[in-house]
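Report on the following structure.
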Amino acid sequence: MKMTEEMIARSEALAPWLTEIRRSIHRFPETGWLEMRTSALIAKALTDMGYEVITGRAACAEAARMGVPDEKTTQAHLDRVLQYGCEEDYLTDDMREGFTGVVGVLRCGEGPTVGMRFDIDALGMQECAENTHRPMREGFASVNPGMMHACGHDAHAAIGLGTAKVLAAMKDQLHGTVKLLFQPGEEGARGAKAMVAAGHLDDVDVFIGSHVAPTDSLDDGDVTPGTYGSLATTKYDVTFRGLAAHAGGFPEKGRNALLAAASAVLALHAIPRHSAGESRINVGTLHAGTGRNVIPDEAVMQLEVRGETTEINSYMAASAEAACRGAAAMYGCTVEMRKMGEAEGQHSDEALLARIADVVRRDLPHLKVSSIENAKNWGSEDISVMMNRVQERGGQATYMRVMTPMASAQHTVRFDLNERVLVTGVQVFCAAAMDALR
Amino acid sequence: MKMTEEMIARSEALAPWLTEIRRSIHRFPETGWLEMRTSALIAKALTDMGYEVITGRAACAEAARMGVPDEKTTQAHLDRVLQYGCEEDYLTDDMREGFTGVVGVLRCGEGPTVGMRFDIDALGMQECAENTHRPMREGFASVNPGMMHACGHDAHAAIGLGTAKVLAAMKDQLHGTVKLLFQPGEEGARGAKAMVAAGHLDDVDVFIGSHVAPTDSLDDGDVTPGTYGSLATTKYDVTFRGLAAHAGGFPEKGRNALLAAASAVLALHAIPRHSAGESRINVGTLHAGTGRNVIPDEAVMQLEVRGETTEINSYMAASAEAACRGAAAMYGCTVEMRKMGEAEGQHSDEALLARIADVVRRDLPHLKVSSIENAKNWGSEDISVMMNRVQERGGQATYMRVMTPMASAQHTVRFDLNERVLVTGVQVFCAAAMDALR
Amino acid sequence: MKMTEEMIARSEALAPWLTEIRRSIHRFPETGWLEMRTSALIAKALTDMGYEVITGRAACAEAARMGVPDEKTTQAHLDRVLQYGCEEDYLTDDMREGFTGVVGVLRCGEGPTVGMRFDIDALGMQECAENTHRPMREGFASVNPGMMHACGHDAHAAIGLGTAKVLAAMKDQLHGTVKLLFQPGEEGARGAKAMVAAGHLDDVDVFIGSHVAPTDSLDDGDVTPGTYGSLATTKYDVTFRGLAAHAGGFPEKGRNALLAAASAVLALHAIPRHSAGESRINVGTLHAGTGRNVIPDEAVMQLEVRGETTEINSYMAASAEAACRGAAAMYGCTVEMRKMGEAEGQHSDEALLARIADVVRRDLPHLKVSSIENAKNWGSEDISVMMNRVQERGGQATYMRVMTPMASAQHTVRFDLNERVLVTGVQVFCAAAMDALR
Amino acid sequence: MKMTEEMIARSEALAPWLTEIRRSIHRFPETGWLEMRTSALIAKALTDMGYEVITGRAACAEAARMGVPDEKTTQAHLDRVLQYGCEEDYLTDDMREGFTGVVGVLRCGEGPTVGMRFDIDALGMQECAENTHRPMREGFASVNPGMMHACGHDAHAAIGLGTAKVLAAMKDQLHGTVKLLFQPGEEGARGAKAMVAAGHLDDVDVFIGSHVAPTDSLDDGDVTPGTYGSLATTKYDVTFRGLAAHAGGFPEKGRNALLAAASAVLALHAIPRHSAGESRINVGTLHAGTGRNVIPDEAVMQLEVRGETTEINSYMAASAEAACRGAAAMYGCTVEMRKMGEAEGQHSDEALLARIADVVRRDLPHLKVSSIENAKNWGSEDISVMMNRVQERGGQATYMRVMTPMASAQHTVRFDLNERVLVTGVQVFCAAAMDALR
C-alpha cells in the first residue's frame, strides 16, 4: 500500500505541471505527421527523466506511414515551428521531415514489458475564437490556423509524460520494462501501423491505452477498464481523372470525372450490408471540376469504410475498390486509390480489464469503476493495430476510458475538458503498470 | 411515250391482284426471320414470272444475320405456317430454319443493274380487334397473335411483286438487269446486312428503295424522290449476371445484377451529346430478378443508340459498351452484349433523286413530286447499309417515299392504308427502273 | 404422467393419417389467399372433431389483407380447385373469393386460452419433376404449375390438425380454451395482420408457433423452444408511371419511368445503415418498358425493407418512400407504392420458452432440447404481429423450431422432409398446450 | 470616299494609343461586376471625348444583375483598385459597390441610333508567369492573382474607345446617334440582361457587336460580318443542404447532401436530347462535405444548360430544376437553385450582315470578308439578349468576328493576340456605323 500511496502523492503533486504541458501543447496543435514541436517537447522531457528515447524513422517505419502531408505543407509547418519556438536541440532532421512520434523506454530489471500508448496529434479544425471559450479566455487557444486539439490528445500527451515521471521516480520499486509510445497521426488512423511496423509492440506483454471520454456518456464511472467493438476501418483518398473539354463546344471530347465520381458515390453507399455484423461507408468529401463550362477532368473524394470485424471491413474495402474502378471504366476515366489510414477490429482482454478494475477499486478508491466494465465503442481507433499485434504474440491488451466533464462534444470547436482528468489519468496508468511490474 | 403508257396500263390492271396479295400477307404477318409463308409466296410468284430466284442461306449470309429468334420460336412458327397453309413446294429447308428473304433476278441483256429493295416483315404488335378497323371488318386482320403489319411492309411486298410483273412483261424493251431484293427483318435493323454480306449489292449500279408515308406528313406530294438524315443505329441486348442470395439472410453473398443494370441505365443516358450532330440513346426495356427477397442475379435490357452519322453512332456504341462493362465491374457482375441490329447513316444521291423527280413529272403526270425533294428522315432504316455499299462501289442510291392516306399512325394497332398506293408504288418503281434500263 | 403417456400414444397412432394429410396438401399447393382447398379441408376436419370453426371474412379482416391476387387469378384458381375436387360443402362463398384461413376453438371450461398458429400457404415455385425427388416418385408432387410446398407449411397444417385431434380427444382433462389459427399468406408476410385485425389474438394468454427447421442447422436438438431477432419487414410493390415517346423521333416528349426506377434502385440501396441494429433493403424485381425504341412509360418493382426492430424497419420504410417519391419527381413521373406485406420485430418470452424446455425434457424425454434454447432467426415472419399483440396485452408468446432432416434447403425445388417430424410436432404442441391447460 | 479615307487615317494614327489602353486594361484584369478601374477609365475617356456618360445603377438595372460576387469580395477588390491607382474622380459610389458598366452617347442630329457593344470583363484564371509569354516579358501581365484577360475583352474595350474617338472626331459628318455599351460580366452571361433591363437597347435601330477570333479558325477572312447558332443558356448555382452526422456512430441521423448531389448529377446528364435541336448540360464543379468521417451536410454545384433555341434551353432548365428538386427530396435534403447567368438563342440579320460585308469590301479593301459570311457559333453569348431586344422592336442586329493571330487558344493561360486587330476592329465598327449614319 505504501507504494500506492507514494504514487498517488507524486501524481497529485504533478497537477500544475500537467496543466502547463497540456496547455502548451493545446496552444500549438499539430495534425498527423506534423507533431514536430510536440515530439521535440516529449523527447526532451523523457530524456531528462532518464528514458532511452527513440524518435524519427526508428520510431515509425517509413513504408508504413499513411496519410502523410505533402512536402510543401511539411516545410511550411516546420517554418512555423521554428518561428514559434521549440526544443530545437531535440528537433531531429527526421522530425523536421515529418517523422514524428517518440518511444521512451525505462528498464527496471527482470520482469514483463508494459507498453502504454499516448496519441499526440490534433484535428484539422479552427478553434472557437469567442471569449466564453476558456482556452481563448485564458490564453492557450490554438495559434495554428485550422488546427485544434478538439479530441483531447493534448491531455493524452500530458498524461503520458506524467506517467513517465512518476514511474521514473519509483523505478527502484518496479520489475520489468516500461515502454511509452507517443503516437502521431491517430486521427485518420494513420500512425499506429508505422510504430507496429518498426517492431515496438513485439516485446510487449501488457499493453494499455486510454481515451478521455465525457462523463455524460453512458458510462457511470470515472474509469472503464476496457472497450470492445470499435470498428475496423480503411480510409481512402480516391482521385478520378478524365479529360477536360468545352461543355458547349465539344462535349463528346471530354471524359467526365465527376460522372465517374457520382456513380461511384452511389455504388459505394449501395454496398450490401453484411449479415455477420455492422459495416459502414462514407464519402465524406468530394471536390470536382474547374469551371462551370468545362467538363470536369478531376474529382477527388475522401472516403472510409468500416466493419465490426477486420473481415467485414475487408469485404467493404474490396467492394469499394470494385465500385471505384468500375465507375472510372464506365466513363473512360482512370482512378487512383490511396490508402490513407487503417484500423482493425479490437477487443480488450477480459482478464486484463478485470485485473485493472480490481486494481482501481483496491488502490484508487476515490475513483469509480464503470458498472459496465467493458464498454461498447462505436468509433475506429488504430490502437487496434497495436492491440492485435500484442495479442497475436500472446500478450494482453486493453483500451480504457477515463471520464471527465467536457465543455462541448469531442470534435467540436468549443471542446475543452476538466484538467483534473490529467491526474486521474496518470494514476490509472501508474496503478495498472505498477500492478504488472510488482 | 408508248412504253410509259403500256407500263401505266399494265400497272392499273394489276390493282385487284395487288390488293389480294397485300391482304393475304397482312392476314398472316410474320416478324423478322420468320417470314416463311411470305418468302415462299414471293419465291413462287417470281418463279412463275420467269425470274431467277435465290432464297435461304444464299439470299442472307448466315454470319451477318442479327436478332434471330431462338429455335423454339422458329419451330413453333413453322408449325403455325404449315397448319395455316402456304406454298409448301417453295418453303425450302433453309426457310423452315428461318433463312427467309428472296432475291429475284431478270436479265434483259446489256446494261446497268437496277436493284430495288422491298421489306417484308411485320411488327410484334397485337392488331386492333374492333369492327371499326377495316382489316377486321373485311376479314384480313392478323391471325397471328402478337404480330401485325402496322408499318406497311405488306404493301411493300405487294408493290415489289407488282413491279416484278410489269417489268417481266416488258422485258424485251429493257436493257440491263433487274434485281429485286425482298428483305426480311427490317424492323430492328436486322436483315439488310445479311443480304449485303451475301454480295447481292455488289453489282448494283442504281439502287432504289421506298417506304409508304402518310399524306398528312410535311410532304406535300405523292412521291418524295429521296431522303436524308435517317439515323445510324446499333441495337443491343445486354445481360448482366451476378449471384443470387437471400436478401435478409446473407446480403453480402449476392452480386446484384439489378444494381449493375441501374447504374448502367443512368450512365447510358448520360453519354455526352455530340457536337457534330444528333445522337440518341434508349434503354427500352429492363427485366431483372426472380423474387422480392432474393438479390437479383440477372438483369436483361434492350437498348439502342443512334447517331446522325455512322461516326456519331459508333461513338455512342463505344460509350454504351464502356458504360455497361464498367457497371458490371462495379458490382462484381459479368455482362454480355449481343448486337441485335444495325443501320448506318444514309443519304440519297442528288443526281439520282433529281432524275427520278424528272421522270415522275414527265411520265407520271397524275402524281405530284414533293416540293422538298429530299426529305429529312428521323428514323433508322437498314436500307442504309445497302445504299452505302452501292455508293461506295460507285453506284447511285435513293430512298423514296410514296404517300398515302393512313387510318392511324404507323406502328399503332389501328394502322391501315389506302390501297391505291399499291398501284402508285408500282408505277414509280417501274418508271424509275425503265428510265435506267432504257 | 398418465396424461402424457396417453398423449404420446394417441399422437404416435396418428402417424399414417398425418402423412396422408401432409401429402394431400403437398399435392395441391396453394399460394397466399388462394388456400381454398386447404381451408375447406381444415374446416371439415375441425368440424368433424367438434371444434367451433370460423372462416372467411370472420377469420381474416378484409381491410387488413395484404398482397391479395387479382380477381382473375382467384377465379382461375377456384376453377382449378373445383375441377380437382375438394370438400365442396365447406368451400364457403368467402373462401371462393379468396378469404382463406380457418380458426378452430375448443372450449374446455375455466382456464387460460392457448393460441397456436399453423401457416398453410405454398410458394410460387415449380416443383422438381425428376424421379429422384420423392414427392414425384411417390405421386404427391404438386399438380399446380408454379406452386410448391417448399417451406414445409404442408407439414405445419398437418401438425395443426394432429394437435387438434389429440387435444379434442383429451378435452375432459383440459381446463381452458384451445384456439387454433390456420393462417393464410405467411410467405410475403401477408396474412397474420388480417387475423390479428379480426381480433383472434385478443384473448390469448399463451401463444405458440413453430416452424420446421433442418437438423443440419446450428441447432443441436430436436426442439428449440424459442427464437429471437427475426427482422421486422415491410414489402412494397412500386409502380413508376411516365409517358411513352418514340426514342428516335421525340425523346424530349417522354417521361422515362425506367430512369426514375433506376435512380430509385440506387437511392434505396444507399439508405444509410442504422446504428441501433441490422437493417436490410432489396429491390427483388424490376420490370420496365415495352419496346427497344420506346421510352419506358412504366416500371414496376417489388421491394422489401427490414429492420432488427420495428423502429429500424419504420426508418427504412420511410426512407424508401422518400427515395421513390423523389426519384419519380426527378423525371416528371408519378409513383404508386402499395404495401404488400408486413412483419414486426419479435422475441419469444424467456419464461414461456424455459417452461416449454422443461416440459419437453420432462414429458418427451425421447426429444432433445437445443442447447441454445433461444435461437437467432434472421428471416422475417409475420407471426411476429400475432406475438406482439399477445405480449402487449400481457400474454406470453414463443416461436419454436422443430428439427427434421430435409432433402434440400427450404425454398428450393427439391425440398422434402422426413415425415417423422409430423408426430414430433404434434407432441411438442400438445405437451406445451396441456401444460398450460393443466 | 473622302470620309472613309479620313476614318482610315484617324484609326491608323490611334494604333499606339490603342495598344497602350489594351495593355493597361490587360495588366489590371477585373472579373464580372468588379470592373471598377476599367469602368472609371472608360468613363473618363468618353467624357473627355464629349460623350454623355451613364454609369452605375443607371447603366445596369440592379434587379437584373446575375452572378454578383459577395460584398467581401467586392470590398477587397475596391481596396486593391485604390491601392493600384485609378481614375478616382470617375470611380462613383455605385462603381465602388460593383455597379460597373458604362454607356456613352454621342448625338449627331437626326437619324437612326447605332448601338455598339464592347464587353470588358476578365476571366478567373491565373496568367502564365513564364518569360516566353509576351505580356510577362513586356511587363503588362496581370497583377491580379487569379484574374486574366484570356478571351480578348481587353482588346474589345480598346476597340470601343478607339471607335468612340474616331466617331467623335467626325461627328459633323454623321446623322443620328452613336450609343456605345461597355458591358460588364459577359463571362458567365451575367451582364447583358442588366443593360437591357435599364432600357439602353430600346431605341437602337442598328446594333453591332463583335468578338476577336483566331485566324486559324474555319474562317478564311479578316471579318465575318455575322454569326448564328450560339446557344441559349442558363447558369445555376445549386446548393443541397442536409444534416451532418458521425458516419461511424450515427449514420441514420445524417441527411446526405452528397448523395443528393450525386443523384442529381446523373439525372441532369440524363435529361433526354431534344429532337428540335442541340442541347447541352454540364455540372462543371461540385464541392461537398467537410471531413472523411462526417456525413456531408452541404454540396454545392455550378451547372449550366444550353439549347439551340431559347425554347430548347427552357426545356433543359425546367428538366434540370426537376432533377435537382427530386434528388433533394430522395434524401430528405433541401435544395436552393440560384440563377447565375442567362443568354438566349441568337441570329444576325441577313440584311445587316450583307450590308456590312458590302461596306467592308467597298471601304476597307485591305480586309478580306470571310467566304462564309454567317458563321456558326457554338458558344453562348449574352449579347443575344441585346440582339433579341433590338430585333423584337424592329431593329437589325449582327454579331461579327474580327480575326487575329493568337499565341494560344482563348481561355488558356498563354493567350495573347496580335495588336494589329485593335486598328482593324476600330475600322470595321466605324465603317459599319458611318454607313448607317451617312
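Which chain is which? They are A, B, C and D, in the order written, and residues in each are numbered from 1.
Basically, a contact is a pair of C-beta atoms (placed from the backbone, for glycine too) under 8 Å apart; a residue touches a chain by one contact, two chains touch by 3 or more.
Please read these numbers as outputs of a predicted model, since none were measured by experiment.
Asker: Determine, using the mean of C-alpha atoms as each chain's centre, which chain is farthest from chain D.
Answerer: C
Asker: Count the C-beta contact pairs for C-D and for B-D, then tell me which is higher.
Answerer: If we tally the contacting C-beta pairs, C-D comes out ahead.
Asker: So what's the Cα centroid distance for chain B and chain D, whole Å?
Answerer: Here chain B and chain D have centroids separated by 50 Å.
Asker: How big is the gap, in whole Å, between where the Cα atoms of chain C centre and where those of chain D centre?
Answerer: The computed centroid separation for chain C versus chain D comes out at 69 Å.
Asker: At least two other chains touched by the same residue of chain B: list those residues.
Answerer: Touching at least two other chains: 249, 251, 256, 259, 263, 266-267, 269-270, 272-273, 275, 280, 295, 378.
Asker: Could you please specify the touching residues of chain C with respect to chain A in the complex?
Answerer: Touch list, chain C to chain A: 266-267, 269-270, 272-273, 275, 278-280, 378.
Asker: Which residues of chain C touch chain D once you look at their complex with the stated criterion?
Answerer: Residues in contact with chain D: 249-252, 254, 256, 259, 263-264, 266-267, 270, 272-276, 295, 315, 319, 322-323, 325-332.
Asker: Show me the residue ranges of chain D that touch chain A in the complex, using the header's touch definition.
Answerer: Where chain D meets chain A, its residues are 124, 188, 231, 233, 235, 246-249, 251, 256, 258-259, 261-263, 265-266, 269, 280-296, 299, 302-304, 306, 340, 378-380, 411.
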